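Here subunit A shows up in two complexes: once beside subunit B, once beside subunit C.
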Partner chain A sequence: MEERRINVVVNGEPKSVDVEPRLLLVHFLREVLGLTGTHIGCDTTNCGVCTVLFDGLPVKSCTMFAVMADGHEVTTVEGLGLPSELHPIQEGFREEHGLQCGFCTPGMMMASKALLDENPNPTEEDIRWALAGNLCRCTGYQNIVKSVLWAAEKLRSEAAMSR
Partner chain B sequence: MAQALDEIKIGGLGSSRKRVEDDRFLRGKGNYIDDFKLPGMVHMEILRSPLAHARITSIDTSKAWQIPGVHMVLTGDMAAQHNLAWMPTLSYDTQAVLATDKVRFQGQEIACVVADDPYIAKDGCEAIVVEYEPLPPIVNPYQAVAEGAPIIRDDKEGQTDNICYRWEVGDREGTERAFAQADLVSKLELHYPRSHPSPIECCGSIADYNSATAKLTVYMTTQAPHIIRAAVAIVAELPEHMIRIISPDIGGGFGNKVPVYPGYVCSILCSILLTRPVKWIEDKTGNLISTHYARDIYYKGELALRKDGKILAVRFHCDSDNGAFFSDAQPTKFKLGLIHSAFAAYDIPFGYMTAQGTYTNKAPGGVAYRCSFRVTEAMFFQERAIQAAAYDLGMDQAAFRRLNLVKSHQFPFRTPYGFLLDSGQYEKCLDVALNAIDYDDFLREKEEARAQGRRLGIGISTMTEPLGAGNSREYDILGIKMFDAAELRVHPSGKAILKIGSKTQGQGHETTFAQIVTHELGIPAADILVQHGDTDNTPFGMGTYASRSTPVAGAATAMVARKVRAKARKLAAHLLEVSEEDVEWELGRFHVRGAPNNGVSIQECAMAAYGNMPDGMEPGLENNAYYDPPNMTWPFAAYIVTVEVDPETGVWDVLRMVAVDDCGVRINPMIVEGQIMGGMTEAYAMANMQFITYDAEGNCVGSNYMDYLLPTAWETPGFELHEVVTPSPHHPIGAKGVGECAAVGGPAAFVNAVMDAIDDTGVRNIDMPLIPDRVWEALKYRRDISGAPPVKSDAD
Partner chain C sequence: MYPSRFHYEAPRTLDEALDLLQAYGDEAKVLAGGQSLIPLIKLRFAAPAAIIDINNISGLDYHEEDSDGSLYVGALCRHRTLERSPLLRSKHPTMSATAPLISDPMVRSRGTLVGSLCHADPQGDWASVMLALGGEIIARSTGGERVIPVSQFVVGPFQNALQPGEIAVRARVPAPRGTRSGTYLKLERRVGDFATVGLAVALETSGGTINRAGLALTGVGPSNIQCTAAEQALAGKTLNASTIDQAARLAAEAAQPKTDVRGSAEFKRHVVYTFVTRALSNPQARAA
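Here is the complex of A and B:
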């Protein structure tokens, strides 16, 4: 199949790659760029383990084509924290035991990032609503909610310190 | 004087230590099956049957072979040349790897295509032309045994019906005598519907056959790598030492990743034929329609009651829908798993049960979905029957339970079906739960609400379950006894590596198993690396399912640490220049009896094992232990749910959910609570929305996440957790299994709550899931609601 050149900024790095038009964004991230932190669960946009940020907004990368990302910016879990320093959302998930098998975790954290970017002081209800597109089979969500509350508090106190 | 070690601080028993596994998962650096790329690797996709029951008249693969990038198109006839068109199941039946004669369920594997990438492999599957001659499908056990039903398993010599087993347990005559003396017999019929464990990650494998060394390495999503190695050796007729199974990080298992699936076998055969690595990653629909389902049991049962509330006897019959192949993963002796553990928590003198398994044109299985071999079905029926009996007697459901629960002074207690309960404080657990939910207040509230036309309800579920198979006398799979092993090596600097035969799928073994060693040796948990999942590098184990990791592999871990400590004691005596009898152990340290300041640490003993051992002593500080448990562990749980049912719509909302779990000594309370909340969510899912069924044509309804509803953060209720601790009398650290309790005992609490909210309607049962239209229909028409297939299709 004829390939097409796309220019995408992934985790802050510009990428220029030839791809098949039918290549899914999630396969582009995983197979072409080797960013395997973004997972594939259901193929139907329901489970959310493939959630990445697309120009800052959460999208399910299993039902987008890579060519649709041409000229856009994508952030994956690998771009969330630094290897040496976890992002407060990652810390929150560890502190509050917000993960078990870890498979939903990257998508769950990216959806949480989108929420906290928009609403730094969410209620439990806000969090449950914002994460309703992400399935977890292990935790029962209660600790995920706590994890996001933990992260929100840390992010707020960091923001207050830097003012 | 030397400072005593603080066990909690160093991550020992009882420490809510943060998880070791999280470091990689949080960074997106987990190693799940789909994350591996091997040099020269090609990709396999499976063509599945669209029909539930049909004879295959032809398979034309010629167009698929012509697609550029396709390396292999494998059919059943080709697999048959390698004796691999069929494989044995874990229940002494056979299962088709690739269909040759007939397809027997929708989604059955017919052919597979190996290509440069998965897209091309899918193109290849679409290019295969299969012609069928449709046969009448069977979608429930009653159709299966009806006169004139087509024989599904005509491949089996001598099979003249659709029955795969008959089984009975208990004392039939004693039970009949007890029923004759009953003041009242309380009857209940229900269907525990088919469900699918549905981990978010589907199954997958990468088979890598190295023709130069004749070694086969298989990376695969398996909860039981060692058993899989034995199975592969049998199925593929390869020498066991030349097979290496590597089970990497697993994105959830819940029992779904115990069995051997055709996809695994095909990837192995294709790798051998192509002599290059072959990767198979299942898609969601493939997982939901072809891998092992759970439940699907039709119950008819009754309790013999005395008018004062005492239960005199119980008997029940199960019709089990086993799908196209009898492939339950369960101990050999037990045809319907541990279904006869039903009513174990109650002091009932007589019990008798019968079961019949049937073949149908549905996906095979009967896997223990977050459950110890069918105990989920057992406890659900038990708790529904207990509530119905309380209503029939006009007794308060809590009081009825209290009257009949096994009392603390009765242990050890033999159940009428032969299990031996060894410990528990059942009444105390019930009291803690009733107190937490404000039981009496709620009953008043319910009454007041009812007067205003609102429907509140309260559901209780109290149960014990057998977790941690074996003992080896009674429990085996494929003839291999159910024990587990651990190996522990302490290095010169006192850092250690523990290797275990079980395998985490999220339970946190890398964190908690180190804590057991810390408890036994005083080596900080951070200094202990736990390895698992690689058959070349870990000792034998039966795997992680049926809540058996802590009860069996955890016990083996404690025992190997004790062996290491025994040798360290000799080294300490040598270093302290006293006799071994004069050495006393405290956590992490030996000292001279009566002289606590004169001691050596476990780390100093480790160094001595490599650099300063006494003459004649074998160097090194390591050992292994095989642990054969004397009994199952018997955790107890009391779950209480309150709900409000909207009579206009049938929608029900959970008001509160209280869980009291007694799982003995808790290794890591944070992880235990995480397991309970996860299990409770699956219980809620079963009761409320998780629904996979079949229409009359055998089409699977619920074959993707748009149809198979799993609860999200939005609808999942909050949980209130409480604990009671009764240590296991035989487990070395007093622990019991816990990972599955809430999923086992939970569903009945939710259903009982809804039934309680409509207790004035005469409705005896609504089958799960209690979706709003069923509840509404029951309320409106005052009738029981069956959810058994076939469901109506749009055409009806």
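Here is the complex of A and C:
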């Protein structure tokens, strides 16, 4: 079986692992590294639950091979915050009831992270465009949008205080 | 694991990639953004013996104009870059209108314009845009480069004109004769769906007279359709209610829509008429 050594920084930690080229990035994260926060939903590049950040940009980890991450940085929902120290985006989803079943939430939060990194002061419309590739079957999106607005405000006030 | 086994190659230079492609022949697939190829491989609709990943080759992720005003888009230029491009926003309105309407933000982070043209999905948006703009693909092999007009590059559904051993290294949009205007209108059931109807309009005008008109349709035929009769009817004219109506009727006649889950053939033809009218009445018009 052909394997290749890949060096990937995942949530800030360097990993050096031999993988088969056909291994998908999402399976690498979940099954090799045990980072099961990244979900698998549709498997057909539609639903966005497997969204992670690849060198800071949102990508669908079911639509990349793990070998393509060699030499790159991946951030999963585990890299966002800790249960004891939630990221403002995670807090926002809790405060504004941005989830019901929670299945789409990791992808929603990573897509939101990419948005807020680029645009700290998004309008509701900006948020809806940024989350256009993330499907939720529970909430009707309203509370998800509110969650991201909440997070944006929190992040801005944190940034203002640290200035 | 869903994909079948393949050899993976990650060349660092284009020459290395071309040698590999030569060696593997038509057993190999070139991987750029992978947003069409990887889903096909996962479903095992495609099972290439080898994948040549060109993402590690430097010098392919660019879009720039040369001194004569031609625009070049490199094989690794992502939709995301085009969506945010000040150059496109100021000088290439049809392309600038299209980029944000390609699939969704995650797909746009990875997917490329050139790869999308190579994939030749009959519902693909960029092929219509390139047809309207008179765009070309530059293919390179170990023997050198050749230029293929997009009208001859997309030869059928999921079929392009590349020969074994060739890589599409960049797309070219020729400099306009006069001032560019235009847009891309796309009716989709929801974000990320393929176009129910897409229309690319690219005009080149001098003092109100149309030097060149490009109109092409997405989603209403077995492939992207260039509306040649409508283009010819507009050339040399100015835009007014009568020329707009004529072009819209000719474009609607050129459409070959089929009734499916996205709507009836009659409805889609009507949308073509409406889109052409809207786009020509206000060439800065944005998404449907």
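FYI, the second predicted complex is superposed on the first by the 162 of 163 C-alpha atoms of A that agree within 3 Å, B and C clash if a C-alpha of one lies under 4 Å from a C-alpha of the other, contacts with A are read in each partner's own complex, and residues count from 1 in each chain.
Methods note: a residue touches a chain if its C-beta (ideal position, glycine included) is under 8 Å from a C-beta of that chain, and two chains touch if they have at least 3 such contacts.
The model shown is predicted, which means the values in this text are computed figures rather than measured ones.
A.B. asks: In the superposed arrangement, does A:103 touch subunit B (first), subunit C (second), both or neither?
C.D. replies: So A:103 only meets subunit B here.
A.B. asks: Between subunit B (first) and subunit C (second), which does A:116 come into contact with in this model arrangement: first, second, both, or neither?
C.D. replies: After superposing on A, A:116 lies clear of both subunit B and subunit C.
A.B. asks: Once the structures are superposed on A, label A:93 by its partner contacts, choosing first (subunit B), second (subunit C), both or neither.
C.D. replies: Only subunit B; A:93 stays clear of subunit C.
A.B. asks: Just to be sure I read the superposition right, which of the two partners does A:4 touch: subunit B = first, subunit C = second, or both, or neither?
C.D. replies: The answer is second: A:4 touches subunit C but not subunit B.
A.B. asks: May I ask you to decide whether A:151 touches subunit B, subunit C, both, or neither, giving the answer as first, second, both or neither?
C.D. replies: Touch partners of A:151: none, neither subunit B nor subunit C.
A.B. asks: Please indicate which partner A:141 is in contact with in the superposed arrangement: first for subunit B, second for subunit C, both, or neither.
C.D. replies: Touch status of A:141: first partner only.
A.B. asks: Using the superposition on chain A described above, determine whether A:59 touches subunit B (first), subunit C (second), both, or neither.
C.D. replies: A:59: touches subunit C, not subunit B.
A.B. asks: Who touches more of subunit A, subunit B or subunit C?
C.D. replies: Answer, by number of touched residues of subunit A: B.
A.B. asks: Is A:46 contacted by the first partner subunit B, the second partner subunit C, both or neither?
C.D. replies: both
A.B. asks: Quick check on the superposed pair: does A:132 touch subunit B, subunit C, both, or neither? Answer first, second, both or neither.
C.D. replies: Touch status of A:132: both partners.
A.B. asks: Using the superposition on chain A as set up above, list the residues of subunit A that contact both subunit B and subunit C.
C.D. replies: In the superposed arrangement, which is not itself an observed complex, subunit A uses residues 20, 22-23, 43-44, 46, 129, 132-133 for both subunit B and subunit C.
A.B. asks: Give every residue of subunit A touching subunit C within the complex, in rising order.
C.D. replies: By the definition above, subunit A touches subunit C via 1-2, 4, 20-24, 27, 43-46, 48, 51, 54, 57-60, 62-65, 67-68, 70-71, 111, 114, 129-130, 132-133.
A.B. asks: For a test of understanding, state which residues of subunit B touch subunit A in their complex under the given definition.
C.D. replies: 18-19, 21-22, 24-30, 32, 34-35, 117, 119, 198-202, 249-254, 281, 283-285, 505-508, 670-671, 673-674, 677-682, 704-706, 710, 712-714, 716, 718-719
A.B. asks: Provide the residue numbers of subunit C that touch subunit A in the complex, in ascending order.
C.D. replies: Within the complex, subunit C contacts subunit A at residues 1-8, 10, 31, 34-35, 38-39, 41-43, 51, 53, 55-56, 80, 100, 103-107, 109-110, 191-192.
A.B. asks: Looking at the complex, which residues from subunit A come into contact with subunit B?
C.D. replies: 20, 22-23, 30-31, 35-44, 46-47, 49, 76-78, 80-81, 83, 86, 90, 93-95, 97, 99-106, 109, 127-129, 131-145
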